[in-house]
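Pasting the structures in now, so scroll down.
You will see chain A twice below: alongside chain B first, and alongside chain C after that.
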Partner chain A sequence: MSSVASQRPNGLALFILPGALLFASFFFLPIGLMALMSVLTGNPVVMPKVSFTTRHYARMIGDPYYLEVIWTTIRIGLVTTLVALLIGYPLAHWMARIKSRTGHALLLMAVLAPMLTGIVVRTFAWMTLLSDKGVVNQTLMSLGLIAQPLKLMYTETGIVVGLVHIYVPFMVLTLTGVIGRIDERLEQAAENLGASPLRAFLEVTLPLSLPGILAGSLLVFALAISAYVTPILLGGFQIMTLPILIYQQISANFNVGFAAALGIVLLVISLLLVIAYNRALGLVSGQRELQ
Partner chain B sequence: MQTSASHSPSLPTARQTTSVRMPGPARHYGRYLYLALNAAILIFLLAPIAIVVVFALNPTPFIQFPPVGVSLRWFEKFFASRDFMQALGFSLEVAVLTTLSATVLGASAALALARGNLPGTRLIVATMLSPLMLPAILTGLALFQTYVLLDVGRPTWGLVAGHTLVTLPYVVRTTLAVLHNFDTRLEEAAQNLGASPLRTFFEVTLPLIKPGVMAGAIFAFIVSFDQFPVSLFLVSPGNETLPVTLFNYLKFDLDGTIGAASVVSIVLAFVVVIGLDRTVGLRSYVKL
Partner chain C sequence: MSASIEIAGVSKVYDGGVRAVDTVAMDIRQGEFFSLLGPSGCGKTTTLRMIAGFETPSAGAIRVDGADITHVPAHKRDMGMVFQNYALFPHRTVAENVAFGLRMRGLDKTTIAAKVKAALAMVELSGLEDRRPAQLSGGQQQRVALARAIVIAPRVLLCDEPLGALDKKLRQQMQFELKQLQKKLGLTLVFVTHDQEEALAMSDRIAVMNGGRVEQVGTPTEIYDQPKTRFVADFIGDTNIFRGERVGPNLDVGKNLILALPATEAQGAAVLSVALRPEKIRLTLRADVAGAAGSSVHGMVENTNFLGGAVLYRVTLEGGHRVLVQQPNAGTTHLFVPGNGVTLEWTPADLVVLKD
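And now, the complex of A and B:
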């Protein structure tokens, strides 16, 4: 950090206050209250007697159903991350290495276009593609390749396809930044020394982009495990993930304490991922300040 | 910034050396494979958006492929629907309020972080960017519980506060990016020429950071307009945002109205982004 201890805050430092106030009252306070609710027996406003309890957490650990839900969430997140990496890397590499400015701008628009389309809209698009009478099945059947529609929707595969589409732009943008910082002359040197382009990529570019792979993967995983719309619509209410369970506990069961406990579990997983993501990006840039 | 290395004048461009490297068919096949793979990935990214447009224009009352014709009936149904129109209006209202508050709070915070000599800057930045990665559904849940405990109901300001929290990071990041890129000697020069710190701020700093602030504001608008997980917990029946209304409709119906509504929100987002690109340039502010 360049701001050494000898420098003291000046008048401009006061401009942090409105933002800090927003975070204190609409972020830290609510999350603190959620943590509190997760260890209380009831709502202290409407119930005269509430006491501390660990029963919400005990229920989660004691019932294999909830552990299964957590595992399903993590499994979908892992597969989504892996697929997003496999299809995000080639595109990010192209974007980072393309020479034409127009080409770069077009690729950037292609990556941003899905991001600018709301999650609900994109999930609707995948419903029209993957349902039994959807585009994919009707096309395959009219070509005579299949007799029965493939079961694409209401499966984990369908959820993963939708999630990959939604989160792959985050992977591409993270990787593009990291690959763009790798000096192209290193690859050229390897090729001039006789390595094939593939070998130059595998032995030079790929290892140097590992921190970006790590950062992009952590970001996509964190986003995928907290997704709600896509798993519920493409899973057709049949596949239960942590965010779906949390909303269900509020909307159907009115079990605020248990929802809070589930929320804290999701929060802790995400916080660990955020810290790891920042570490990974720190590896890319050495000590890149403030960003 | 991501682009600085590739545009540095000291680097020889790749074209100069390409011809030296091994020629031959193997190299070309590899190149074609690379381009074909990327073309397939682009199709995967863009086809679903094209499909939405197709279904918005296809007149059959159910999903049918290939489409049988072109009609605007779903757009008529969308614009005639009171529920959808009310949701669209409410979404725009929330997005405008969110953009205003996120821009003012985010740009101020970025200024303090870049110029205020605050202790623990790294930690504060990480905290202010954290809503980008922490599950938005938890922000919604936590705010919902807080409003229930405080017995304030589900007010519009409560929803705007939630949206501000998840859009503020975009403004902080784009503003910080310009603040770090511009030459601080300009500010020093103004002060050396006798300008007060306040005058320096309004006449030098503010005009220079404006593109970054604007870019953040436009991101904030789009993110708020498309926001779902926070809204899910904080909207009240009869006063829902467009994504929540679309979601509830999707649970039971899969006709072209959703397609029409989707096209309207896609067009809106694109108009905003093209406006952004024309006014301030997109490329330098898009990074993760």
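And now, the complex of A and C:
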């Protein structure tokens, strides 16, 4: 007879049940349905006669337009991530190393404050800045630096500017945590051994903050490629990204199957990144975890 | 080549007016094992960090071999440092850690490899080249940190409580090895510690610090046997301190106790403190014949503290003073028990007059 204790459910296990149920019903179920829809000829709820098909995926691969959209989405994601990293890293380093508590609080507020305003509001603010008659162009023209307004809106640059503004806080907060845990004395040890402050940073702090760089980049990239409002408002439908395309397929074309297939592609890109992230992290810090 | 260090009136005042280091002056000689000793917060680590260049003095100057380095950045000072937590680079192997300083000096690969090998052999870590710091024991990490600091042949080796994290046995072994290495290489070594035994055991000279100031600089025997201030007498080892008024050649410390002052202290302040080390007192079972007045007194053993090689007695004197007396453990029959009437005797010359 097996012991009674081992058959009794662990008390702690009950606590994860609500979370697990929520996750199952609102994450796995919808994604499963989406995956299913992407290989069906139609919506089984309204069309009783449906069969399996790969035509949605074939259409995507066969038409350079859709591949172009996928590539644009990835490109915007990559550039946004890179710019957010370049802006976010120095800020995060400053925040992690600042001695004064007040200084830290002020920096944290500065990073978090934009997040208190909705994405739509912030994107509209960028439109007033970037449009042909916007603040940027007006200023440059009145200074005589340019004759014609620069085309800032309805370009990828405009979208990237908007996305970077929205997602930099995610990068900064992720990096601050990681950099803050790196012992400052390591940099001092490097300087003591003859490394200039820059060299000490490159040899010690930067490699040790790689996990944070990877995590922050992954987060920003995933958010940027799935962004919807900003690419629409700042791209004005002239720059097509996957989320916009998916929305069009559902609301304008009622092609739920194709939209589902596009959604799966977006998901797969993100998943591949997570896998690559784990691999990279393993390579960077794998041996450190040995003991 | 090892260098001498001159610390000339150096102060460090932090924002908010905290004086961590207050007009500290000392000369550290070439090839000397010099300890900065004091309780936490006495400014010893800040002083070391200013020598290393991690902190800038608010006033004063630091000179190495006569050249002012007060404002030379840390990476151009050519000093080795062993940090309290070792500060080994966790993402690099033992060999890479040790090679770091050589790489920064732009040496070629074969030279670096040879020097790393020699340094690791010197600290007896050959064979662990490819380990990561996390895979080493505390003692091994300590040796890597030491190898990394000495491989660059620094002008000065700075150690910030490097043995603090080791257990007692290992610490004693490392004390011995570090001292030996320092002598062999002729290194000028500045050693920060709060452990007085460690400082006494290892140093050529010690600077005792308190509240950001230097209380006394001297050899271990000077610091122990001729403490200049009450703080030094109290901080280093156990001691009995009496304060009283000068009466002729004696000191009246109250409660019917009159101490004969050393002959050399015939002149001086009217009110003064003296220190008497517990082991400078001889303890015998109470004899009816009184000893010499001023250097002998009767008392009763209150409790005993067996230390192994010695026994520490707390003795209440007839007038009520309590003193510590340490006697070597000369065998069970010679030990006293609480309640024993005893006679205490000492040589007046062993009384040390303190500056308050």
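Basically, the second predicted complex is superposed on the first by the 262 of 291 C-alpha atoms of A that agree within 3 Å, B and C clash if a C-alpha of one lies under 4 Å from a C-alpha of the other, contacts with A are read in each partner's own complex, and residues count from 1 in each chain.
Keep in mind that, in the parts below, contacts are C-beta pairs under 8 Å (C-beta built on N, C-alpha and C of every residue); 3 or more make two chains touch, one makes a residue touch a chain.
Note that the structure is predicted; figures quoted are calculated from it, not measured.
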* Considering only touches as defined above, state whether A:77 meets chain B (first), chain C (second), both or neither. => neither
* Asked: More residues of chain A are touched by which chain, chain B or chain C?
  -> B
* To do: With the two complexes superposed on chain A, say which partner A:158 touches: chain B (first), chain C (second), both, or neither.
  => neither
* Scan A:278 for contacts with chain B and chain C and give back first, second, both or neither. => first
* To do: Based on the superposed arrangement, let me know which partner A:207 touches: chain B (first), chain C (second), both, or neither?
  => second
* Regarding the shared-chain residue A:231, is it in contact with chain B (first), chain C (second), both, or neither? -> neither
* With the two structures laid over each other on chain A, which partner does A:191 touch: chain B (first), chain C (second), both, or neither? -> both
* To do: Report for A:183: first if it touches chain B alone, second if chain C alone, otherwise both or neither.
  => both
* Asked: When the two structures are overlaid on chain A, which partner does A:34 contact: first (chain B), second (chain C), both, or neither?
  -> first
* Considering each complex separately, which residues of chain A are in contact with chain B in the first and with chain C in the second? -> 183, 185, 188, 191-192, 196-197, 290-291
* Complex interface listing, chain C residues touching chain A -> 52-54, 73-81, 83, 85, 87-91, 100-101, 104-105, 132, 134-135, 148-149, 152
* chain A - residues contacting chain B, complex -> 1, 3, 7-16, 18-20, 22-23, 26-27, 29-31, 33-34, 37, 43-45, 87, 90-91, 94, 96-97, 99, 104-105, 107-108, 110-114, 116-129, 131, 133-135, 138-139, 165, 168-170, 173-174, 176-177, 180-181, 183-185, 188, 191-192, 196-198, 219, 222-223, 225-226, 228-229, 233, 243, 246-247, 250, 256, 259-260, 263, 266-267, 270-271, 273-274, 277-278, 289-291
* Structure fact -> So, in the complex, the side of chain B touching chain A is made of residues 2-3, 5-6, 11-15, 17, 20-22, 26-27, 30, 34, 37-38, 41-42, 44-49, 51-52, 55, 62-66, 104-106, 108-109, 111-119, 121-122, 124-128, 130-131, 133-139, 141-146, 148-149, 151, 161-162, 164-165, 168, 172-173, 176-177, 180, 197, 222, 225-226, 228-229, 232-233, 243, 246-247, 250-251, 254, 258-259, 261-262, 265-266, 269-270, 273, 282-283, 286-288
* For the complex, which residues does chain A have touching chain C? -> 183, 185-186, 188-197, 199-200, 203-204, 207-208, 284-285, 287-288, 290-291
